[in-house]
Amino acid sequence: MSHGYEKGRLDLPFVGHCTFGKRPIVTDWDAIDADVAVLGIPYDMGTQYRSGARFGPRAIREASTLFSFGHGGAYDHEDDATYLPLDQVRIVDAGDADIVHTDTVRSHANAELAVRKILAAGALPVVLGGDHAINIPCIRAFSEHGPIHILQIDAHLDFVDVRHGVTEGHGNPMRRAAEQAHVTGLTQIGIRNVSSTAREGYEDARSRGSTILSVRQVRKAGRDAVLATIPAGARVYVTIDIDGFDPSIAPGTGTPSHGGFLYYEVMEILQALAASHAVVGIDLVEVAPAYDPSGITGFLAAQVLLNFLGYIFEAKRKAGA
Amino acid sequence: MSHGYEKGRLDLPFVGHCTFGKRPIVTDWDAIDADVAVLGIPYDMGTQYRSGARFGPRAIREASTLFSFGHGGAYDHEDDATYLPLDQVRIVDAGDADIVHTDTVRSHANAELAVRKILAAGALPVVLGGDHAINIPCIRAFSEHGPIHILQIDAHLDFVDVRHGVTEGHGNPMRRAAEQAHVTGLTQIGIRNVSSTAREGYEDARSRGSTILSVRQVRKAGRDAVLATIPAGARVYVTIDIDGFDPSIAPGTGTPSHGGFLYYEVMEILQALAASHAVVGIDLVEVAPAYDPSGITGFLAAQVLLNFLGYIFEAKRKAGA
Amino acid sequence: MSHGYEKGRLDLPFVGHCTFGKRPIVTDWDAIDADVAVLGIPYDMGTQYRSGARFGPRAIREASTLFSFGHGGAYDHEDDATYLPLDQVRIVDAGDADIVHTDTVRSHANAELAVRKILAAGALPVVLGGDHAINIPCIRAFSEHGPIHILQIDAHLDFVDVRHGVTEGHGNPMRRAAEQAHVTGLTQIGIRNVSSTAREGYEDARSRGSTILSVRQVRKAGRDAVLATIPAGARVYVTIDIDGFDPSIAPGTGTPSHGGFLYYEVMEILQALAASHAVVGIDLVEVAPAYDPSGITGFLAAQVLLNFLGYIFEAKRKAGA
Amino acid sequence: MSHGYEKGRLDLPFVGHCTFGKRPIVTDWDAIDADVAVLGIPYDMGTQYRSGARFGPRAIREASTLFSFGHGGAYDHEDDATYLPLDQVRIVDAGDADIVHTDTVRSHANAELAVRKILAAGALPVVLGGDHAINIPCIRAFSEHGPIHILQIDAHLDFVDVRHGVTEGHGNPMRRAAEQAHVTGLTQIGIRNVSSTAREGYEDARSRGSTILSVRQVRKAGRDAVLATIPAGARVYVTIDIDGFDPSIAPGTGTPSHGGFLYYEVMEILQALAASHAVVGIDLVEVAPAYDPSGITGFLAAQVLLNFLGYIFEAKRKAGA
Amino acid sequence: MSHGYEKGRLDLPFVGHCTFGKRPIVTDWDAIDADVAVLGIPYDMGTQYRSGARFGPRAIREASTLFSFGHGGAYDHEDDATYLPLDQVRIVDAGDADIVHTDTVRSHANAELAVRKILAAGALPVVLGGDHAINIPCIRAFSEHGPIHILQIDAHLDFVDVRHGVTEGHGNPMRRAAEQAHVTGLTQIGIRNVSSTAREGYEDARSRGSTILSVRQVRKAGRDAVLATIPAGARVYVTIDIDGFDPSIAPGTGTPSHGGFLYYEVMEILQALAASHAVVGIDLVEVAPAYDPSGITGFLAAQVLLNFLGYIFEAKRKAGA
Amino acid sequence: MSHGYEKGRLDLPFVGHCTFGKRPIVTDWDAIDADVAVLGIPYDMGTQYRSGARFGPRAIREASTLFSFGHGGAYDHEDDATYLPLDQVRIVDAGDADIVHTDTVRSHANAELAVRKILAAGALPVVLGGDHAINIPCIRAFSEHGPIHILQIDAHLDFVDVRHGVTEGHGNPMRRAAEQAHVTGLTQIGIRNVSSTAREGYEDARSRGSTILSVRQVRKAGRDAVLATIPAGARVYVTIDIDGFDPSIAPGTGTPSHGGFLYYEVMEILQALAASHAVVGIDLVEVAPAYDPSGITGFLAAQVLLNFLGYIFEAKRKAGA
């Protein structure tokens, strides 16, 4: 049979080690030879409310095994496409950046090093947080791989400059990104309700050219209007805070905010983006499994990432890349 | 007063044994004299990821007590109807099929026997799973009670023929059903994302005349288009995998899949179906309560079943049956 | 800096005692000098299914700390407004009414006394339940502060007159309210599915002039049609049963009912109400945290109340009040 | 084979309705013809902290199914005895007393009536709480079936006379019992730490002839010294508050208290008691399953009751009764 | 009546704000006038495994309300003593030290300041962690209030000097303490199993005069032998890591270790210590409530602290202090 | 420094992939070159009550990371030994046996093959269940590596021959083992309470030379008496059902039974066994993490296995092996 299920193991989802998508482990970052390298950054010292996102990478890896039992890739009948065929899209699990408790600076330096290694290997970095502070070293690692436009999907603007001396907490990453020379713009969607960013943070973001859209504004404007805020030809880094989604599907997170995105709203934007722009980096942050006994937050994260990767490489395939 | 609440017990939902809808127990299947017989099949050896659906029948029975304290039936103000009046719709709880651990064949045989007894008694079988594999003996039991058209509500196509020798797991039931002489067609809705059914399973299903619609396709096409795929006059068996619903309302299941149906989307199809066709059997599967501490999955299952039964018998009453 | 974050403490959400919105405690009710006084009524002996709403006030207070770290008020970019500036809207946490186990009459008397004290102080009472029975003493406390129109957001009509002698359980409050001379009308929205209110309860409600709308009826009619059921110039008391919301966002409650309101559906009604009418009292009931390990029900309650208060005082400010 | 497992159903623990020990239901209390009748009293309005014991009866019934799959009785190799042979000890599940929300007096009256019916039928009443207040109607029901000595196993003395008018809460039952003419004495063991009973409650209890022993005092004195406090020939009613056990094995309760009894400490007292005295009534209270996701509290309750019943009837058998 | 329950409120445990023991809040640390001041340090960036101890203070405060309803103090029948009479032992809740996310140095400085204020006020500091790193600023704060001997109850030695630059994580506090001039010795009990302290850490500790005893060694040696390791006349600071207790009673912690102390083993040491030495400071750390849905870890912490305080002040009273 | 922590990564417990003890993965079973090979058998179709042990291997692996951060082995101060030094005891994680849903025969065959491969490689097999049925293929795999004596630690005798045709469920393994020519005897400890093994099962076991001891019998007899039931010179296979331990420390299991072993009771037997006999195989079964939100059952399993392995290789080292 063509799918080859009878050859080798059945390998049901609950069987075997938890690597991302059950793909091979490569923790020697100098030996990465792949299209995608998945890296965990299990850091949660930047959070301002519930900690626990340090177990995000493990939760997402475990959840991803549910979606990895198509031996010949994942067939999607809506799109009539087989995503991520094993022989065409080489994904490796690069393990985790080394975290040093009590020490944000050193932890972020370790994380930045890991992302730089992945970029040097020519693979697409897919980073599993950790809290949103881990976006800071990720963006820094692109200093020689820019320019990039950032698409942020999040409940919170995360545009605090400095407060009580804190510059690298989970309320600061977009401000830090905006300061980088290789970051040419930001599109921030899903932003809603009160958060640590005060009015002057919004003004600061807007003055730096950021586009800020709430969930309802995205719904009213439509997918294409969102994409229109990203310059044609821009290379896009996508940062997904799981709390950009509604708490009904993402309860396992540190700072939930009601009124978030539903599943297809985000996926349709990501699918269109994959077709229209080059996606050069991805992080997905703030999954805190201790607050989600049913595990649906982890499943959401895994499903979003696997499908988004599918869209990206299917678009590349169609483009003949 | 007409409702009679002061006579006898108040019988609040949390009081008393957990039978389905607090209706009487009849475990002597040769003695069933009822319009509806509810049967549990607490089997979960067919699942490919999280087990635990063996406690589905108990969870649904417990949850159903919340909706059973209307002594004179359940008044619905939207429909201005009183559903399931105790004196007009006789529902009995037939207990569970006998499950034999490690032994799928024997367990399924026991389940098939039970459903045959209910059909022989002239009652509508309403089966509480268990994982979706339990649909296989249910459909077989209709061999002398066909022909039937199957309406499946599910995230997964469940159309695997055989893999590593497995033919009666929870990925196989629709393929097994399609093989039965007394099954004349399938309408499969809610199907989305990757699952154990590979591309050839879809092709197989379509070649056998199955209609396959995703959640988004159902939303776009509308309720009536779904019903139009069921031949006029067909006798319909409805199989509801709780993961056809969105994880936000059905987290307690073995293989959650984001992007599922919301409550009214399904109920409006079921209500229209009850008015347009004869419903001859129902199963609801894959409720795994260990993964849902808040219990909303069980409440969903109970609410769906009690309302669907209400629609069916109200339609019969209106039709003068 | 204008926000003043560097002065004094950072005071992150997880730091410090749990008072509502981290506002000051005033348990000497004769000393209340505030615009808003938040009172807990941790009573749950009126429930007909799952108990536990007695911990509602503590859960909501804890959750509210997440939304209270804007030192200068809460900036909402969608509305371009800063809600609840600390120096303009004085909110105090008045602690809890004294509950006497086994004794509903005495507990309700204590609760009524507390609300009367708040009204006497000229503050807006915001009451945290407790089960919905606690609405009964709240409404009674308005006897000298009427007339009022009640807007109820709920899955259940709660219009039972008396059953087995019970007149002050959580199925009775709207019936009790309708009997009060100072209650001039009711608008009851979100009502759906079977509950303890039988058909005659609906007839009774309608005969007393109540408007009853299901979730789907509200969706079809639209926000303005809902508001149109409230007479112009009416002073409005809003009672929010958290089960009026969908179980996907409010699983932690005693009697969940699928098919409920989503977040913005309710918030847009409340925002419009704040602009069109005087809101003179609020209660939010039936949060039972033991059934919600992720805590999203408490976050919903806190978010609804803080935003609603923001709408009310922003409307007052605009009106020059 | 002698055990007869192949005849009829395998009937694994997870299969079938949840009745106590999977024994038959008899809810027509005038028709009880049994050695033991198990009654639930799902009342929790008497608790002073965490509610939820109203689901105690359901949790204990569910848990008891784990210990009920010996078709020919339960063989205990330590005692080399087969306990509760189905053909010799007739146990029935009498369902629940009718509870009226908000109304303790009426609920207790209903409970007392149920226990009186069981006593009139000549069966041993085994009552599943509910909070400890339900002991009050149970003891009252013995007014024509005394005299009785009470053995209480509990963390708390429960000897409050009246406070804020409350006389029938879960802090009052032993004081109420001591007032009854047919109660000749109390042995109260496991009592420890602070509770609602103040110093004068202890003095009151002692002045009425009660023996009060802490966990450590029982350990030091030994089993026989405990039994020596019960007069020879006394007919004994045993009331077991699950919080008499250590929180490590009974976390699912309203008012946990560390330093409690371990399993065999209690069982050895109960086994000796069964051999030395006539046990005429039993209640087990305060199981609150919402606070115990692992379910071990329910298993403890079921195991204690089934073994205790085994001891009682084995002792009767040996005594030739 | 002497207890005064009828005067004022009944004030059941579940009613009212969560302050430690329901005692008054004094967050102006210059205004503390009390025998005991309870301070939270909700810091968890020092942990090497599961985070979440930042919610320890809130969990312990909530749990302590269960043990605070004796209006006239807590009567203990085993000791025939009334502990912590409100009019004799003045306890205040001083709120939390200000925590700065990402910044251990600044957080610890804030914590040290708070403890210094309490010491300056002449109150006994009782500190609620947070992870064990918070012991570092606590001990530093005693620089002018020494000398002190430290009694540590813990599964782990916490004697790491420096690793990857980390000197103030939760594996370092005892090493840091041993360096302080005002710390004259350590008694470390409960230490067991593997942890972050390697062999050289043990050697280092012993060379600095520390006494290290495992749970089994304490059991064998007995309580008095433990106390004998503390010099007569020493002023003792007690640091209790909740994981010193067995996971059966303290599951809600970051790094559980089986084989720990049971309740009375610790309490009897603390009671004897209170009688033999002056206790000048206490901290209790590592309660992580997200990992304990039943809440027994918080109850343990509250029970340990309230009883320990009772022992201390009863000993002072007896000594005529 | 000798421990080498500053070289390379800090590698905190929560960082990195979940392999057993963070040891390397070798899933090519023909390439195993190690002292110990850890294999998961995630099979749970043999259970008679709560399923979920299929996630035992993942839970134990995750928990084992907590105990694996000693870079130079695990120092135990009680024994003054460094266990499992990385350079002396080579442990590999061999992944999982391939499980085929619905098919016990094929799953067991796959498991047997895996254990045979490990034995062929000369490594000590350490197997993570799955339910206790997985012991059946494990013992079979020793057919060429006998004779063996089995030490079982368990609440249940598991000595059912056949019932309803079932011979390879979790109630059958010891009966199956006793039939094997290469199994020379059994020592079964911890056995207590009712289970699926009826009286004739006990008689059967005894007639085949098995020693059966309850928890209390082991406590009374002492460790040495237990070891004396194992013939001198016997090669011992140890099978540990986690429910042999008390539910207080092992709540996450399918069929909990109160009154089980505490931690040191078992560890001291295992340590003595390691010194007195050759241990040739180990399995640890029935960890079902879905029933243990605090995770202490997984920590227990990991701690037991890592310490037991430490004892074994330390004994070998001392013996000069």
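As written, the chain order gives the labels A, B, C, D, E and F, with residue 1 at the start of each chain.
We take it that a contact is a pair of C-beta atoms (placed from the backbone, for glycine too) under 8 Å apart; a residue touches a chain by one contact, two chains touch by 3 or more.
Just so you know, these numbers come straight off a predicted model, no measurement behind them.
The chains that touch both chain B and chain E are A, C, D, F.
Taking CA atoms, the transformation carrying chain A onto chain C includes a rotation by 120°, reported to the nearest 5. Taken over every residue number at the interface, the positions common to chain E and chain F amount to under half, indicating a different-residue contact.
Mean C-alpha positions place chain C and chain F at a centre distance of 55 Å.
Put simply, the C-alpha centre of chain D and that of chain F have 37 angstrom between them.
Centroid to centroid, with C-alpha atoms defining each point, chain B and chain D lie 39 Å apart. Across the assembly, chain C contributes residues 10, 12, 14, 48, 50, 54-55, 100-101, 164, 166, 246, 248-249, 291, 293 that each touch 2 or more other chains.
Across the assembly, chains come into contact as A-B, A-C, A-E, A-F, B-C, B-D, B-F, C-D, C-E, D-E, D-F, E-F.
Residues 1-3, 5-6, 10, 12-14, 66-67, 69-72, 74-78, 82-83, 246, 248-249, 263-264, 267, 293-296, 299-300, 303, 306-307 of chain D touch chain F in their complex.
Across the complex, chain B is touched by residues 9-12, 14-19, 25, 27, 40, 42, 54-55, 58, 61-62, 93, 95-101, 293 of chain D. Those residues of chain C lying in contact with chain B across their complex are 48-50, 157, 163-164, 166, 191-194, 196-200, 202, 212, 214, 216-217, 246-249, 251-252, 255-259, 291-293.
On the side of chain D, the complex with chain C involves touching residues 44-48, 50-52, 54-55, 100-104, 106, 133, 164-166, 168-170, 290-291.
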